[in-house]
Amino acid sequence: MVSDLSYALDTFYFLVSGALVMWMAAGFAMLEAGLVRAKNTAEILTKNVVLFALSCVMFLLMGYSIMYPGENTGWIPNFGFGIGAENTAEAALSGAEDAPYYSMRSDFFFQVVFVATAMSIVSGAVAERMKLWTFLAFVIPMTAVIYPVQGYWHWGGGPLKELGFSDFAGSGVVHMCGAAAALAAVLQLGARKGKYNKNGSANAIPGCNLPLATLGTFILWMGWFGFNGGSELKVSDVGEANAVAQVFVNTNMAACGGAIAALLMSRAYFKKADLTMVLNGVLAGLVAITADPLSPSAEASVLIGAVGGALVFVSILMVDKFKVDDPVGAISVHGVVGIWGLIAVTFNNSEATLSAQLIGIAAIFGFVFVASSLVWFILDKTMGLRVSEEDEYDGVDISECGLEAYPEFSKR
Amino acid sequence: MKLITAIIKPHKLDSVREALAEKGVVGMTVTEVKGYGRQKGHAELYRGAEYQIHFVPKVQLQIGVDDNVCDEIVELIQSTACSNAIGDGKIFVSPIEHVVRIRTGETGETAL
Amino acid sequence: MVSDLSYALDTFYFLVSGALVMWMAAGFAMLEAGLVRAKNTAEILTKNVVLFALSCVMFLLMGYSIMYPGENTGWIPNFGFGIGAENTAEAALSGAEDAPYYSMRSDFFFQVVFVATAMSIVSGAVAERMKLWTFLAFVIPMTAVIYPVQGYWHWGGGPLKELGFSDFAGSGVVHMCGAAAALAAVLQLGARKGKYNKNGSANAIPGCNLPLATLGTFILWMGWFGFNGGSELKVSDVGEANAVAQVFVNTNMAACGGAIAALLMSRAYFKKADLTMVLNGVLAGLVAITADPLSPSAEASVLIGAVGGALVFVSILMVDKFKVDDPVGAISVHGVVGIWGLIAVTFNNSEATLSAQLIGIAAIFGFVFVASSLVWFILDKTMGLRVSEEDEYDGVDISECGLEAYPEFSKR
Amino acid sequence: MVSDLSYALDTFYFLVSGALVMWMAAGFAMLEAGLVRAKNTAEILTKNVVLFALSCVMFLLMGYSIMYPGENTGWIPNFGFGIGAENTAEAALSGAEDAPYYSMRSDFFFQVVFVATAMSIVSGAVAERMKLWTFLAFVIPMTAVIYPVQGYWHWGGGPLKELGFSDFAGSGVVHMCGAAAALAAVLQLGARKGKYNKNGSANAIPGCNLPLATLGTFILWMGWFGFNGGSELKVSDVGEANAVAQVFVNTNMAACGGAIAALLMSRAYFKKADLTMVLNGVLAGLVAITADPLSPSAEASVLIGAVGGALVFVSILMVDKFKVDDPVGAISVHGVVGIWGLIAVTFNNSEATLSAQLIGIAAIFGFVFVASSLVWFILDKTMGLRVSEEDEYDGVDISECGLEAYPEFSKR
Amino acid sequence: MKLITAIIKPHKLDSVREALAEKGVVGMTVTEVKGYGRQKGHAELYRGAEYQIHFVPKVQLQIGVDDNVCDEIVELIQSTACSNAIGDGKIFVSPIEHVVRIRTGETGETAL
Amino acid sequence: MKLITAIIKPHKLDSVREALAEKGVVGMTVTEVKGYGRQKGHAELYRGAEYQIHFVPKVQLQIGVDDNVCDEIVELIQSTACSNAIGDGKIFVSPIEHVVRIRTGETGETAL
């Protein structure tokens, strides 16, 4: 039963979780700033700050109401605006079965920071060559419509929900969604100058600041406790509290598994501990467990994360073979491993079926990929996707932001 | 012996290094420098103020060479580093009187 | 009614909020370290760590008791020491109307981190030329007396409270207060060498590490959820929980509005996305909403933040015209926009009156400006405000701290 | 009495505290990355990420069950595996005196991040010369057995508990334990090349990135609210809430005292504000109060922290005299000051006796030092402790990780 | 032709560049260097240890000039860079035998 | 007068500086450079791709000296900087025609 206190506790829990997810925006910003070259750093920082701001505004204006229309209208949701009215104390304390048990505003706050996460994924993949303003133009349809529509399908009570698709905190709805939009972008955008040689081999373009990238990874790791932990949506009784605790433990253990697997793969292949792979392994572990951080045991979570970490290692090498140039590895980490996470749900959660998972994957990936390809195509024809070769060579910081990220430190 | 000092655009460094390596030049020393010339710098922004950056990043190569291959190498650098755009840089040739290889103490041309 | 659990929840909410505000100290440190030149970085880091430590100690010894004397004694508060006794369980659970509903120590913890915020604002404005020890000497009267006195006027139940002045979380009490002390300092201290040319034009002195500045901004953004969210002072029933959630949402949306407005201004004026302006826009949005993050709708909060973001853009350009050299833009962000925030209260909060707001602004600004001018004057005559020209040229890191922040990286 | 809500609140409080302690991993990573030379940065980042992952896995598999066997079996605990079953709602709500009042999983989560803290301490002391893989091999016995055994002695209800040894949040169990293992390592490992001259004098080897080190210190400071605050283990009634609030306040004030004392020492000796000493002072204040952040008043906490800060200053100078090369000062901060903290307990906590504290110090330090010396010895004979002289000269980043942390910035 | 190599204090770079530009010198190459000389370095601290920094940051200008303007330019640099304080730096003049402008292949004085 | 340009391994800088100071050399200018020579670079990793680093960090000393001490100093540098390992570096000696001390305007040998 909802009491003043349980309502307060669940709301507070939501707000704390939301603040942690908001913090992930800083994580993406630092991760990406660490993995690009110095000359493209200010631009990616700008992108990360502004995409967060734009995402929040668009989701406030339209996205939230599209994603949570309150009824299942099939694949096409009702379109609406705004975020509705707050719960009254009467409604909350009515004793009714379906009385709201946390603040609507806290729900919006929690949801809105997820949207920004999905957008941040795209940001990294198109780094170092896309026009800033074009990217920002893409944020608008993505966060106002594309993300909310597929979000509605599952979390908003739409057709995927009905089908039994299961994605606890968004391996699919958030991560794979972001990766699909990123892939659509990269395919139209092309690789960075100098990434691939004429003979097809790839060159390494090392990120300029690995402490920043590591900091970003730790920030994301911490924020993920809010991301997954908050997705239980309720903490206020023994069962729910136990569930949230299980989610925290599993989230952490999967990250650990991912890190160790990526490290061992790196040792096996290169005899070295490639830090960038370890960081990707952490993130892969986190993405993998996100689809179901509740059902597995802590030990199983280590394994799910470890498979994610191994997968990301292989995937990054493969993606390079296909000349898909993804400077931060976003497509592998969030896309490939997101799919793995969705499939892994079926191992521990008896209510999930493989077919429902596959349908969900196909629906989300297909829709987001096609819809964003279309948007990117239009943007290409109007604003243009790519900076000029000269601007790319000099760094997009100068051409897009007019400043340098590290003006005093000399560069190679 | 001569010291060739070439100031080139940074992104030409790899092609020049490869071209020289093919010609058998096995040693050089590279410095990051900033250039001022016909190619002007650019305006930058900072919190609402625009200001002028006068210097452009360049790379300086120093190559000690034997007299008789000097011209050939200068030419090779010129042709490889040239992009026909302003700011491509300069090559200076100056005399060296004496060379020592530190490891062995060898001097003269064999030290190069 | 206060129960064991509601007392516990409200206390815990206060402590979490306080920890988030404490985290803002890191935000200011990173922001300022990113916006100064490399040669002045270690000093500003030292300043930020030590000012926090000193502020906490002074507020413990005197400030808290001055700020919360428990009675309205007019413009001059009672002076006292210490932080008083903790609530007893009996008192809390007495059922009395005015029974304490959270721990006194959690209140002190929350308050003490605010003081440090006000001091941090000053730190940035005087960067790159003030003597470290003089600055630290200023911290003592500022946090023991000046800040607490004006804090008492409003939050301590003093005359501004009586007048109906309304400042929810401190656009005036904290931010404008810090900015007033900063302005007093800068006017006596003068501009950095090389900032203004003989013909009156200003030179840009770019900050050396924009990723750090961006990280600092994100930290502040996150910490602000504690700053504003905690200022509701209570979460433990439906109404309060809804209020806290509204505060979180509005705080976030105002920051978004500020970022977008500053970006658009920058594009309109320079055709570039000036990252440093965007960061200032975020902070401006946050400062603007701080005076009342509860009454406006989420949409209105976007606008309040956006006006703040636009204002900070204009203000920074203007301040430079007056040759007031403020390396991090603190006077514009916290002062000018703080005033805007206080005035904006009257648009959404029917209980606030423009006259009360203006009186409050005048009282706080006037008192802090005059009192700190006096302190700066005395410090100037005794310890001296400014490092020698040579030390300024070599960087204050060497002269004040004896070390370098980035000893291995070469500098221009 | 345990209710659904109190159980939920205590669990949530534990999880939030645990997330803050997890965040300390980022703090150690940044602190250490800032205090080593650029050429050894990627390796120490890798080490910090992987040690966290490995610690969590080993503690999950064995450590937790060794540390909390549920009964006092003398100095040798029962060995077991796994983390046991979660509480049922029935048990929690049974009304029994000893009904579990928070989730077992939340307890595991909170405990597991402590282990990683102890390991991180070792990581800094052996920086810049130890083989990465040897270090990682050490993590396994340390976190699976050594740490849990001594942890059991006190927190697991073992013989030190019985003796009346008192260590609230781990000045001894965590910090001194880590320092003892670090000392064992450094004695066998030897100093960095170039640290000591033939005439016995020491050279300074400045850390390359003090903003990172400062950020790390702030992160640790923030995380410590979880570390100490969560160690009260319960928040859900007036008395407990007051206690947690007191812990937050005292933790903060001790850090402030440490910073100020270290600053004043630095000024007295060198006439400069040595930032690295101030940072160590903050950490020393935190370590000092950790043994008892509840009993002292806020003012006494300032003093306890200040003695810690002064002690760390002296200790770092002394340690160098003995040619114990500890690049980040871990042995002084966590070991020497940890002992001070344990002794200081007796000043404010009437239940603690000096003899019990001394026995506890001797037991923990002795056991951990001997056990880890043995492990280091075996590792030395098998894998080798130290990288080759050439690899040390070129930096361990290249030899161990195959990459550079700052590839674009030129180095002295 | 001559190569003028001037080592100056970093904060003099802008005035020297401007003075030279007024005299029509349109090209130069700048390197960040560290100097050791009569001007000693300074002591630094690090976690309680004091140690000596022997080198002072300087800026090195390299300017290829025509023989007949060389003296004038050297003098201009000297007078502009001089602050009468120790550590003001040195100017070296050395011969260049050959100059090439990479963009055009021009050689000799017109290449400067 | 001569300009000695020595390219050495970075960790030899301190010993060379000390050795020279003992011999009374009071001035030098140091630049961080990267070298390419017999000593090859090394492979590095980045997110699963291996790639080649061709240049090795070196330090370049420039020392203006009087003709009659030149040989002695070159020898001293050679012997101090030598570690008998590949990549120890080179010493070039070239002529200087003119030297100015900026602070005083002194020229010639007294300016060194």
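Each chain gets a letter, A, B, C, D, E and F, in the order it is written, and its residues are counted from 1.
Here, contacts are C-beta pairs under 8 Å (C-beta built on N, C-alpha and C of every residue); 3 or more make two chains touch, one makes a residue touch a chain.
In this text, all values refer to a predicted model and were calculated from it rather than measured experimentally.
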Using the touch definition from the top, what's the fewest steps needed to get from chain C to chain D? 1
Could you quickly compare A-F and B-E and let me know which has more C-beta contacts? B-E
Centroid distance [mean C-alpha coordinates] between chain B and chain A, Å: 46
If you average the Cα atoms of chain C and of chain F to get two centres, how far apart are those centres in Å? 51
For chain F, jot down the residues that touch at least 2 other chains. 31-32, 44-46, 50, 94-95
Can you tell me which residues of chain D touch two or more of the remaining chains? 5, 9, 16, 206-207, 209, 215, 270, 272, 274, 276, 401-404, 406-407, 409-412
Every pair of chains that touch: which are they? A-B, A-C, A-D, A-F, B-C, B-E, B-F, C-D, C-E, D-E, D-F, E-F
Touching chain D in the complex, chain A uses residues 3, 5-6, 9, 13, 16, 20, 37-38, 206-211, 214-215, 217-219, 221-222, 225, 229, 235-242, 244-246, 248-249, 252-253, 255-257, 259-260, 263, 267, 270, 272-276, 278-279, 282, 298-299, 302, 406, 409-412
Residues of chain D touching chain A in the complex: 4-5, 7-9, 11-12, 14-16, 18-19, 22-23, 25-26, 29-30, 33-34, 41-43, 45-46, 48-50, 52-54, 56-57, 60-61, 82-83, 86-87, 89, 92-93, 102-106, 108-109, 112, 132-133, 209, 212, 215, 400-410
In their complex, what parts of chain E are in touch with chain C? 10-11, 32, 42-46, 50, 57
Give the list of chain D residues in touch with chain E in this complex. 202-207, 266, 269-270, 272, 274, 276-277, 280, 313, 316-317, 320, 329
The chain E residues in contact with chain F across the complex are 2, 5-8, 31-38, 54-55, 58, 60, 74, 77-78, 81-95
